[in-house]
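Read through the structures below before going on.
You will see chain A twice below: alongside chain B first, and alongside chain C after that.
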Partner chain A sequence: MSAPLIWILFPFLVSLGLIFLRRFQKLSYAISAGLSFFLTLAALMLPLQTVFRLGPLNLEIVSSLSYFGRQLSITSADRLILVLIYSSGGFLLLGGWVSRAPRLLPSLGLMLLSVLVAALSVQPFLYAALLVELAVLICVPLLSPPGEKPGQGTLRFLIFLTLGLPFILFAGWALGGTGLNLTDTRQVNQALFLLGVGFLFWLAVFPFYTWIPMLSSETHPYSAGYVLNLLPPIMLLLLLDFLGSFPFMRGLPAFIAALRLVGVLMVLTGGIWAAFQENLGRLFGYAVIMETGYLLLAFSVPNAAGLEAFSAALIPRMVSLAVFSLALSLLRQARIPLTLTGIRGCLKTRPFTSGALVAALLSLVGLPLFSVFPVRINLIFLLAGESIPVMAASLAGMAALLVTVVRVLDSALRAPQPQKDRDEQLENPADLDSAQKPENWQEILFASGGILILVMMGLFPGLFLGGLPGILSAFPLLK
Partner chain B sequence: MLTLLPALLLLLSSVAVLVLRRVKSGFGIGWLVSALTILLVWGLVLSYRWLIPAPFVLDDWLKLNGPGLPLRFVWNPVSWTFAFAVISLLFGVLWTTPARFESQSSPATWSANLALGGVTLLAVIASSPAAVLIFWGVIDFVELGFMALAQNSARQSGEIVTAFFFRFLGLLLAVAAFAIGSLDTPNLTLETLSPRAGMWLLGAVGLRLGVLPLHLPYREEGTARRGLGLTMRMAGPAAALLMLPYLPAGTIPSGIQGLTLALLSLAALYGSSRWVLAKNEIEGRPFWLIAAAAAAVIAAVKGAVTASLGWSLILLIGASPLFLFSHREPLYRVFLLPAWIAMSGLPLTPAGSTWSFSLAAGFEFADLVTAVAHTFLLVGFIRHSLSEGLPPVSFEPWMRFTYLTGIALVGVTLWVDGLASGLITGFSPFWWAGTAVAVLAAGLSLAIFPRRGQTAERKEAPLGGSIQTAAGFFNQIFSLSWVYAILWGLYSILSRIVLAFTAVLEGEGGVLWAVLLLALLVSLLSGGGT
Partner chain C sequence: MDSWFTLPLIGLLMVSNLSLLVVNDWRRLMVILAVQYLVVFSLVLSLWPLGMAAIKLIGGWMSLAVLAAHPPQPEALSANQPPRWGTVVRVLALGLIWLVVFSISPMLSDATFIPWPMMTAGMLLVWSGLLQLGIYRQPIRVIIGLLTLLSGFEIIYAVVEFSLLVAGLLAAVNLGLAFIGSYLLTASEMEDQT
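After this line comes the complex of A and B, so read on.
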């Protein structure tokens, strides 16, 4: 038995089977989330490359699987990455059930997890590009369910991420040409430039991020949340994987400067643009952009503390964005327009859902008591040591997002819209019933659970995040 | 653990009161638990003046390599002074509660008072950046939550979120201050702040208190006014004012000191004049806070750390007996005297010593303005204490006892705190400054306020009319609605620019624009091709 078989092929095959079970939503979600949690536990408990007894059987899980001369390799050092991906996937899939996400989420969501794990474990690295493209293609029906016309955002998502593919492939080809002879600086620089452009597309870095707010405003918030929650961190882990092969790059001043500039631009533009949004879906998109910016800024701190800050930020980011998208989905499910005007009075009419929305936003700003605060303040302190203007720009981004939070809060606190105005905003008269129904126990459970997790992570970060830097053991050459 | 014991006791009793409410229908047992707990904690905190517990440090809170962000809680003379003020205030609130049994008081509010008291206590003994920021945040969220529950108008909702915005803007400024401070001092604590960090921290405190720049967090008081309302109003300032005594000398560069003092003087003058003209002490409370906070920050800017501590205490407990003074009889007003005398500025009083410490650090024009503001605060105190209150007709003897004990204790706290913290030292060469304020305030009060039978004529007096007119004019200016209107206009303009830019990037030619921007970015990074 091999590790790739367990963590890649098995979930992939199950996800294929789930496509046929898509009419049975509860069962599909139970299987996909259950399997994700099972794989998380397996990653934590099953020994790799060691013979162990399972009843009467002696088993060994080998770390690699070869195909057509390529290798999928999952070693003990990759365990925490598996835990990160499958546990996040499990929780996200669980939330999909209550958020009434598109029917294909359980199957394609699980499939996406397995393909992303494959992208992280394939050797040589070059082939990750093809697997990422496969992941992008899987995302398309998730974002634009069959029968629905894909929106501009979905198309642009497909275009931009596909544009990254040839750049990464060319980079691999160019690096292959150097024969890893790093003294051939011209060719190395060419390869690095191509790779950089490839990652610009993949990471949806400024100015290629326009698809994110478009996508998040035109698709189901939970599907968009699922994709946007998983893709950027995995792309960054791929970048880490790549840099693990060329660790000298992290010391290049130009590389650090580029990361900082791009990070600052994403944080600032994301924050400022968010401050003027009326549409909460778009706001979610800008929050994603800002979070990617902060991850890049953490990555730009050229020492071990920067890498630790990067790895520790992954979970709080995911949890905050997940709660955000869940809250948006629940509001949408209640036929409440996802605009500032639409959520007027929501703190009175749907206290748990709108509470979760506000809590997620407060967390994303990086305010105390919520999950992002400990890692954000750690990052700000690190950035102060590197460059005061970069630190100031990071704080300015947070302040800009705070403006948005205040606007959301103001709207949610106000008296509900007069019934007549509210009725006029509804597309379908039948929606009136949904809008007037109080929150059910599932919505209350998930929304309050989300708030609780955000607060617990904010108050006891060591308990939740202390082990995350262990992810870096998969990239031993990076310092 | 002794370090956190008082706060933990308050938090536990808060839960206990709620549990008792669920299991027992009796009203009194919950109050008894609250009152006894606060008595116990008050004694415990008092004992910490002499039996100082060891600092409580949680080093591996974040468990990451890097700057190290421990949670550190310390009892030292500064934190004790603030903690004692907070606990005494809470004592007053809970012991005067029986007077409000029939109106705004319930086990839920006692529980909230205890919880907020516990959190505020943790905030004032916090001594590391992470601990300070967390408990500032907790206080803000608790206040936000209560205000959100109590708000009942669109205007109030706007005020709540505006106050919240400025508070958190101050918090972000404090993050910057601490981050900069950590460059000068590794393992930063409040005791080791550098002047460079101090400047930003002062800005953060100014923003959180509403004095720098001047803004009014709440112009309307909510429904929770005397009990929980008072605890809430004082929690945030207590946690922010705590920073002032820690600010190192030379915090404000001499180049901007004049401007800063001018802005603060304006805030002090405005706040104190609105306090004296307010309809009652509850309506005037936001202005009391502004005026006293401005005076505290003025002292800090001048480098008179002890004087800023004195003003902080005056802000927290000076007028608090009055804020709790809901039921009134002529004789009851005697219980307000200790507080008024403590604030009067006479020699050997806390305020008198505050003036001595302030002038010992040098005389500024702002001191003159502060003296006027101080006079107004004292006059306002007398004016509001002389107004009619609720009659204590349904008071039982034990209720009268707890009510008056609560008020008296808060009044005496300024003396105890002043003596224990070393604020009251004895005669100083500057004794005349505070005395002048006291004499002026007493004289003005005698001249302006009507004696029995003169009310109607005084109202018609031309002086009163012109004061009201002038106040109306200044109120228009200082309500800052024009500033908010300008800010809103700028926001609208910026909004149009951003939306136009978005339309270009997300339009048909968006991909090409993105590529163009990338080319610009690359050329910027490569130094323009050189």
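After this line comes the complex of A and C, so read on.
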């Protein structure tokens, strides 16, 4: 038995089977989330490359699987990455059930996880580009489910992420295929340029991020949340994987300066656009952009502390964005328009859902007591040591997002809209009943659970985030 | 590489670029794309053995078969602009692109050691694909634009990468895009599942 069989092929085959079970939603979610948690536990507990006894059987899980001379390789050092991907996938899939996400989420969501793990474990690297493209294609039916007209955001998502493929393939060839000559600066610069442009598209870096708010405002918030929660961090892990083979690149001043520039532009512009947003779906998109910007800024700190800040930020980011998208989905499910006007008075009519929305936003701002705070304050200190203007710009981005949170809170706390105005905003008269129904126990459980996790992670960061820098053991050459 | 062989092929690619922008009939579009894949195959054949180069042709034609399985409504193909002036603007834009491509291809060829004919042919398709992606908002046109762009990239990439597996996977990407195009064409008519 091999590790890629367990963590890639098996979930992929199960996800194919789940497509046929899509009408049985509870069962589909139970299987996909259950399998994700099982694979998380397996990553934590199963020994790799060691013979162990399972009842009467002696088993050994080998770390690689060869096909056509190429390898899928999952070693002991990759365990925490598997835990990160499958545990976050498991929680997100669990939330999909209560948020009434599109029926394809359990199957395609699980398939996406397995393909992304394959992209991280394939050798040589250039095959990862093709697997990422496969992941992008899998995302399209999630973002544009059957019965809905495909939106421009979904099309732009497909276009921009596909545009990254040629650049990454060329970069893979320039770096690996020809055997890079480090003394040839022209060749190194060419390879860096291709790699940089490829990741600009993949990470939706400034100025190629316009599709994110578009996508998040026109598709189901939970589907958009699932895709936008998983793709950017895994793309950055791919970049780490790539740089792991060429560690000298991380120290290049041009590389660091470029990362810092795009990171700070994403945080600043994301925050400023967010401050003027009326639509909560678009606000979610800008929050995603800002978080990717912070990850890039952590990445740009050229020492081990920067990488640790990057890895420690992954879980708080995921949790905050997941709670945000869950809250938006629950509001949408109650037929409440996802605008600042639409959520007027929601804190009284739907206290748990709006509480989760506000808590997620406060966490994303980086305020104390919430999950992002410990990693954000650490990043701010690191940036202060590197560049005061960059630190100041990051703080300005946070302040701009805080303005939005105040606007959301103000709207949620106001008296509910007059009945006449609210009726006019609803497309279907039947929606009125849904909007007036109180939250059910599942919504209360998930929303309050989300708030609790956000606060617990903020209060006890060591307990939740202490082990995360262990992810870096998969990239031993990077410092 | 013999220019007597490649120059007519580059000319054919230019015709296909132009046709993709002015034609709004589904069947004709499919025929133009089929010819375009044939030209890509012919160009790659000058570098790769027949068996490997055939992957491009078969993969491309299979993608077209998948796309052609569900013909779109006529309005799903037409451009956003009014017919006559829209066509003029698109053709002008294509003309500018040809100018740029023929100006920069020799420089890029020198910088990357990729032969000029392959670079020119590849860039013609890449830029034509980008133009389509920029002009059209209809899902099927976006997919055609992406397929065109990837065809151009594959011509250039064929010079540097000779792997059978990569060629196969790129054909799979083309097929995947075609499946997604076919899905996007029918998605709104499918049963509401949310």
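Rule of thumb we're sticking to: the second predicted complex is superposed on the first by the 475 of 479 C-alpha atoms of A that agree within 3 Å, B and C clash if a C-alpha of one lies under 4 Å from a C-alpha of the other, contacts with A are read in each partner's own complex, and residues count from 1 in each chain.
Simple rule for what comes next: a residue touches a chain if its C-beta (ideal position, glycine included) is under 8 Å from a C-beta of that chain, and two chains touch if they have at least 3 such contacts.
All values reported here derive from a predicted model rather than from experimental measurement.
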item: Room on chain A for both chain B and chain C (clash or fit); value: fit
item: Which of chain B and chain C A:Pro102 touches, first, second, both or neither; value: second
item: Partner chain in contact with A:Glu148 - chain B first, chain C second, else both or neither; value: second
item: Touched partner set for A:Leu41, first chain B, second chain C, both or neither; value: neither
item: Chain B or chain C, by number of chain A residues touched; value: B
item: C-alpha centroid angle, chain C to chain B via chain A, nearest 10°; value: 140
item: First (chain B), second (chain C), both or neither touched by A:Trp173; value: second
item: Which of chain B and chain C A:Leu130 touches, first, second, both or neither; value: second
item: Which superposed partner A:Ala257 touches (first chain B, second chain C, both, neither); value: first
item: Partner chain in contact with A:Ile159 - chain B first, chain C second, else both or neither; value: both
item: Chain B and chain C, minimum CA distance [Å, superposed model]; value: 6
item: Overlapping contact positions on chain A, where the chain C interface meets the chain B interface; value: 152, 159
item: Residue ranges of chain A touching chain C (in the complex, touch as defined); value: 22, 68-70, 100-104, 126-127, 130, 133-134, 137, 140-141, 144-150, 152, 155, 158-159, 162-163, 165-166, 169-170, 173, 177, 190, 220
item: Footprint of chain B on chain A - complex, ascending; value: 152, 156, 159-160, 197, 200, 206-208, 210, 213-214, 254, 257-258, 261-262, 272-273, 276, 304-305, 308-309, 312, 347, 365, 367-369, 373-375, 377-378, 380-385, 388, 391-392, 395, 398-399, 402-403, 406, 409-410, 413-415, 459, 461-462, 465-466, 469
item: Interface residues, chain B side, partner chain A - complex; value: 60-67, 69, 129-130, 133-138, 141, 148, 151, 154, 157-158, 160-162, 164-165, 168-169, 171-172, 175-176, 178-180, 182-183, 494-495, 498-499, 502, 505-506, 510-511, 513-514, 517-518, 521, 524-525
item: Chain C residues within the chain A interface of the complex; value: 111-112, 126, 133, 137, 139, 142, 145-146, 149-150, 153, 157, 160-161, 164-166, 169-170, 172-173, 176-177, 179-180, 183-184, 187-188, 190-194
